[in-house]
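Working notes, beginning with the structure itself.
By letter and in written order, the chains are A, B, C, D, E and F; residue numbering begins at 1 in each of them.
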Amino acid sequence: MSFTPQLPPVAKLEQKTVIDLVANGKRIDDRAADSYRPLHIQVGLIEKANGSAQVSLGKSKVLVGIKIETGTPFPDTPDEGVLTVNAELGPLASPLFETGPPSEQAIELARVIDRGIRESKAVDMKSLVLLKGKKVQVVFVDIYILDHDGNLIDAASIAALAALASAKLLKAELKGDEVVYKPGLHPLPLNNHPVAVTFAKVGKTIVVDPVLEEEQVMNARLTVTIEKNGNICAMQKGGLSGFTQDELKAVVHLAVQKAAENRAKILAAAKG
Amino acid sequence: MSFTPQLPPVAKLEQKTVIDLVANGKRIDDRAADSYRPLHIQVGLIEKANGSAQVSLGKSKVLVGIKIETGTPFPDTPDEGVLTVNAELGPLASPLFETGPPSEQAIELARVIDRGIRESKAVDMKSLVLLKGKKVQVVFVDIYILDHDGNLIDAASIAALAALASAKLLKAELKGDEVVYKPGLHPLPLNNHPVAVTFAKVGKTIVVDPVLEEEQVMNARLTVTIEKNGNICAMQKGGLSGFTQDELKAVVHLAVQKAAENRAKILAAAKG
Amino acid sequence: MSFTPQLPPVAKLEQKTVIDLVANGKRIDDRAADSYRPLHIQVGLIEKANGSAQVSLGKSKVLVGIKIETGTPFPDTPDEGVLTVNAELGPLASPLFETGPPSEQAIELARVIDRGIRESKAVDMKSLVLLKGKKVQVVFVDIYILDHDGNLIDAASIAALAALASAKLLKAELKGDEVVYKPGLHPLPLNNHPVAVTFAKVGKTIVVDPVLEEEQVMNARLTVTIEKNGNICAMQKGGLSGFTQDELKAVVHLAVQKAAENRAKILAAAKG
Amino acid sequence: MPEPKQPEKLIDDKGVRIDGRRLDQLRPIKLEVGILDKADGSAYIEQGKNKILVGVYGPREAHPKHIALPDRAVLRCRYRMAPFSVDERKNPAPSRREMELSKVIRESLESVVLTDLYPRTTIDVFIEVLQSDGGSRCAGITAASLALADAGIPMRELVAACAVGKIQGHMALDLSDAEDKYGEADLPVAWVPNANLVTLLQMDGILTTNEFEKGLTMALDACKTIHGMQQEALKKKYLVIKEVAEEREETEVVA
Amino acid sequence: MPEPKQPEKLIDDKGVRIDGRRLDQLRPIKLEVGILDKADGSAYIEQGKNKILVGVYGPREAHPKHIALPDRAVLRCRYRMAPFSVDERKNPAPSRREMELSKVIRESLESVVLTDLYPRTTIDVFIEVLQSDGGSRCAGITAASLALADAGIPMRELVAACAVGKIQGHMALDLSDAEDKYGEADLPVAWVPNANLVTLLQMDGILTTNEFEKGLTMALDACKTIHGMQQEALKKKYLVIKEVAEEREETEVVA
Amino acid sequence: MPEPKQPEKLIDDKGVRIDGRRLDQLRPIKLEVGILDKADGSAYIEQGKNKILVGVYGPREAHPKHIALPDRAVLRCRYRMAPFSVDERKNPAPSRREMELSKVIRESLESVVLTDLYPRTTIDVFIEVLQSDGGSRCAGITAASLALADAGIPMRELVAACAVGKIQGHMALDLSDAEDKYGEADLPVAWVPNANLVTLLQMDGILTTNEFEKGLTMALDACKTIHGMQQEALKKKYLVIKEVAEEREETEVVA
């Protein structure tokens, strides 16, 4: 059951400061409404993973690891591999996070990232089949939040794409019942590069890449995921209030632009 | 672990009224001790299910859906299909119900209904085998409580039988490893028609089909499930006290009569 | 998540008595520092199990049952059977134990017993294979604590070895896909006889086989499991403080001696 | 039950959809208010083959207490699919999809409920999908608004919801199951008409920005229509109550 | 371990059952009281190959507190089968069957315990089936009564329990595992003799109403016998205690 | 990813291990302190291919309250492996191994933290193994000590930890993954140097008592070395802080 969350007791005064700044075209960390925080992307840190990327977005920090293993396809898609996205919002990353099974926030995060990858057909799922209906490769995308200073969705989306774009796998073949790996690493075939761009409505103003203090006072949140051709491939609204029709139109257009900028950085970092 | 339940704080006065009425041969809703509340049965509401029935017993309301799917038989009964009964006593139906895994009340309800169906051999389990020991049809009976005003066992038993009796399935066959469905719907083969009849002992009097207010003051509860030939196929006593030997004999005889009356209504409704 | 346990409110005075006694070379139950409580071992109580043993160590009482069933080997050990050790520290045995999933104490206990058996290669795992990589015998060691008066690890270790050493199984063979049992019971092949010996450091003194009152005031605990040739095959330190290097050396040597004494009793009891 | 087969075309040469609808046409909608006895408020919706029951309890004491908020009621929401509501039986354990939808549906309702009137309480919305046919989260929101109103919980206004999608390259209103499954995109929308706020918005599939804008307009128009139906359903309920009350009065006069 | 094979006949031509019993004969019963150290009360029963241990704790402070009742003790009961107690190893996770039996066993004991003497506390009954052989819920109740008495918890009287069943068309007392498995019906009964109340009654299989009445009478007769054994077991325990006390007294006198 | 193949030999004819180390040589260790923003204290360790991040929160209010202790802080510890940290993906659900290690790691730290200064609070240590390469519990303890210090939690001294093992019949320091897997024994040790207390000790495999004594000495020597590195890492962190502070001061003077 989902219920209205208990926000941490941020002093009213502090909240007012954040809102007033935004209303005056400023932000608590001196950015413009349409600017991202500094973005750093590092791939390949986890040698035991097929792919990995650590992303810092300001002080938010996310690690994504990709593991590729053999498994069974879903009965209704016998000729496709399997993609699984999982997110850990562990207590290391924030006093707001607790131990225990995935919270609704973790599930929402994982499912939004999953939709962007799946709907844009980023991973070439046909190429993952070893034996139709019986044996396929399963791509696990594990999102690990290390430090939470706001806008985890974009940080995770960027890290997931960087990890996928830099992932390598051994060519697997079936010999009888057994999976045999041939030497030599090949890149994971990607057909698309989805990038999530998240906005917060603070007061009446919309800002991109909200920092934690902005998330704690925002009326609503919107994530727009854009694929490589500039089309939308996933959206998700969050927060207790909403957006007007005009706001939505404006936000979508800005998302296309911001996604292109971030995509370029991701692909450059993934190439190393 | 099972523990003495916390009953809702019904006013002592109200409790006394219910008990006094029954002691005087009356009931809070003006019924005779051996009368059921009005019974309405509607089958086929859920087109996506193989069978379904919605039952109102007074203000109690239960929906049962039947799904039939292919699965694996149990190792010790390789030549029989599988029957699974599950009950949801969700928070929609009563302030007494909570979210979370099935309560002991839900488990007891499902198991009593299950026993009635299983012990009377109502479903022809042999007819559900596709390949002995390997592949059979699995009959899922899902009981969904919508409104709880007492005597959920009988309402669920009636709905389960109506749903089974009106269930239709495609003929399935094995072609090699795969299940192939042939066109044309066939009724699910039933060999018996078990009907549960539930009694409550209020003060020293025994009433049939207790309403919620009666359940909250009863000393004990007894369910007797009667199959089509008038034999007993399941019993379950509940509640903090018990019954005398003479009371049990009387109750069993009344159950035979009441089950026959309700069975006629169920089969009429199922034929629709 | 593991956290500092809440010890029961033993009166300070009582705690002091236990500590003072040990400091003066005595113990609350009049034993020497290096003496075990009376040990009773009874095998074969549970006829439905392949092996079983009930052990009393003073007032601590443990029952272990062995079940041997067919199953699937782990992918990385296709030519070995499977060994599973599970422990129940149920609420019957102590007011300190609660219902619910296994506590960290139960998990630690099971894993320490498991390590002793596994690392000493006590069970001949190769002999349990029916069809390499496909079908093997699985040995379940279920530890059931009945009365907790301290040193459950040693009581469980003794009971586990006695149960394994007295276990019998039917010879199983594969005929096609099915497991067929041949008549006649054979002993479970054992190659080694690991025995755990547990010490507690109370004040500055180390005692063997701590009773519950000693466990509740001990600084630290050490279990040393010794295999039949006098080598160490498992160790586990517990408790909030630690041991000096010299203490560890002394303890290990004492463990070798105590294990040999207990092993003789176990094997005598297992032979019956 | 085996799933229905994929239709050859989702739109025929005349622009007609598999169930006979035009691209901008809603499925038949049936709304009922106040149909459960124990719940404080309830509503039932049929939209196409969707059959959804919503029960509301509250404001009531928060349980467990630590979730209570000092300055407002906690809104709680559970979206749940019956095991028999879909083609392949759904496992009764809550799925990740159900948990996500419970969250976004709750967020779609938060802004209209006057929660600050009832601090330290909960208002509970239970959405039971008895049969699912595409667009069930939107139909659930439409019915949940009515159930909240039926429970007498003060609201700024009703929330209406409807999905729009893309099939065979065209934007189409209120996708059915088959259209959702074999179509190219799905865009569920909830709207609070007077505040002019979109309080639920999700999307999957591929849409150009133009298609998005067109689809959003179609969805909001449909929400307007549905909002009218909601008001009708409430009026009808109160009318019935009024009539019953009047009948009683007459009876009493007679007696 | 592979299950034992199905016997050809459950009753031979002379009316004798596979374990040599007559139709109305109980299996050998062994009762022991006060055998655990930490539990406040305990008892052990062997009935056929059933081996069941019961421990009782309480009255003690309710934990968690919110389950406490203001006017009586909460009775808590857990029926549990050891993984090695049955032919095929039982998964240690609680099964639906164990949860149901915990409930009906608790309800069979509620009316004899004077719970109103200990408001806001719990009385906990833990039934551990170490080996199961048909009729374990009844044997568990018989032992639980003794364990409650051993814990010094005030009770109106002891509850005795026994099952009756139908094998090869005949009503037979106290079915063993094989009889339960290959028989036609099982009817477990718990009885409070002086109050003349049947406090546990379940049935599965097929019985005519006449068979039910006959079976019930057989079960109640057996409960009477078992009730006698329970009283003997308690007496023996107290005798032992008395003897120990007397011995001590003597020793003290000597000393 | 498929697991690496078993090496033919773990030690070559010259006594050199597969990664080029001598028997008594540690793997390269890199320590960083204070690298997380939200945690009250944090540290990062690389030891061989181990990559482990530790965050510490506290002392903070105990939640849930009933775990609080009246006379000291509760130390809480969670050891966790990321799904991608090992050759075969680890299921995210907590394993029995993780639960056991959380306990023994907590117990290795309890005696150095001055918990009696903060009654009714918790001090939380979260150890996240991002990549695992043998000896991760020891590396985790080494980093956890630093993270506790970084959080400003008063400690008697730092705990250092290192494993020793047996490969091809020789005792060898600080086993790597392959050595652990194909070796004969593993002996993880945590040491509190000034109190001279071994606060973590586990063993699996086969060791003679002589081998144990030799191994223990090797492990404690290594702990001494690591203890020095820990102090360096803390000094470096405070130096940086001091420099930043001085820079700021200068800037302020300039401004």
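In this text, a contact is a pair of C-beta atoms (placed from the backbone, for glycine too) under 8 Å apart; a residue touches a chain by one contact, two chains touch by 3 or more.
Keep in mind the model is a prediction, meaning the values are calculated, not measured.
Peer 1: Treat touching chains as neighbours and tell me the shortest step distance from chain D to chain E.
Peer 2: Shortest path length, in steps: 2.
Peer 1: Work out the mean Cα position per chain and let me know which chain is farthest from chain A.
Peer 2: E
Peer 1: Once you count every C-beta pair in contact for both, which comes out on top, C-F or A-F?
Peer 2: C-F
Peer 1: Could you put a whole-Å number on the gap between the CA centroids of chain D and chain F?
Peer 2: Taking the mean C-alpha position of each chain, the two centres sit 52 Å apart.
Peer 1: Approximately how many whole Å separate the CA-defined centres of chain B and chain C?
Peer 2: Chain centroid spacing, chain B to chain C, equals 47 Å.
Peer 1: Chain B to chain D: how many Å between their CA centres?
Peer 2: 31
Peer 1: Two or more other chains in contact with one residue: find those residues in chain C.
Peer 2: As it turns out, chain C has residues touching two or more other chains at 1, 99.
Peer 1: Going by the contact rule already set, what residues in chain E reach two or more other chains?
Peer 2: Within chain E, residues 78, 124 contact more than one other chain.
Peer 1: Linking chains that touch, what shape results: line, ring, star, complete or other?
Peer 2: ring
Peer 1: Circling the ring from chain C via chain F, which chains come up in turn?
Peer 2: With chain C as the starting chain and chain F following, the sequence is C, F, A, D, B, E.
Peer 1: Going by the contact rule at the top, pick out the chain E residues touching chain C in the complex.
Peer 2: Touching chain C from chain E are residues 1-2, 36-39, 49, 51, 53, 55, 57, 60, 78, 80, 82-89, 92, 124, 126, 128, 130-132.
Peer 1: Quick check on the complex: what are the chain A residues that touch chain F?
Peer 2: Per the stated touch rule, the residues are 45-50, 52, 59, 61, 63, 65-69, 86, 88, 90-95, 99, 140, 142, 144, 146-149, 169-170, 181.
Peer 1: Hey, which residues of chain A end up touching chain D in the complex?
Peer 2: The touching residues are 1-4, 6, 76, 104, 107-108, 110-111, 115, 118-120, 220, 222, 227, 230-245, 248-249, 252-253, 256.
Peer 1: List the residues on chain D that touch chain A in their complex, please.
Peer 2: 3, 67, 69, 72-78, 96-97, 99-100, 102-108, 110-111, 115, 122, 124, 187, 192, 195-209, 212-213, 216-217, 220
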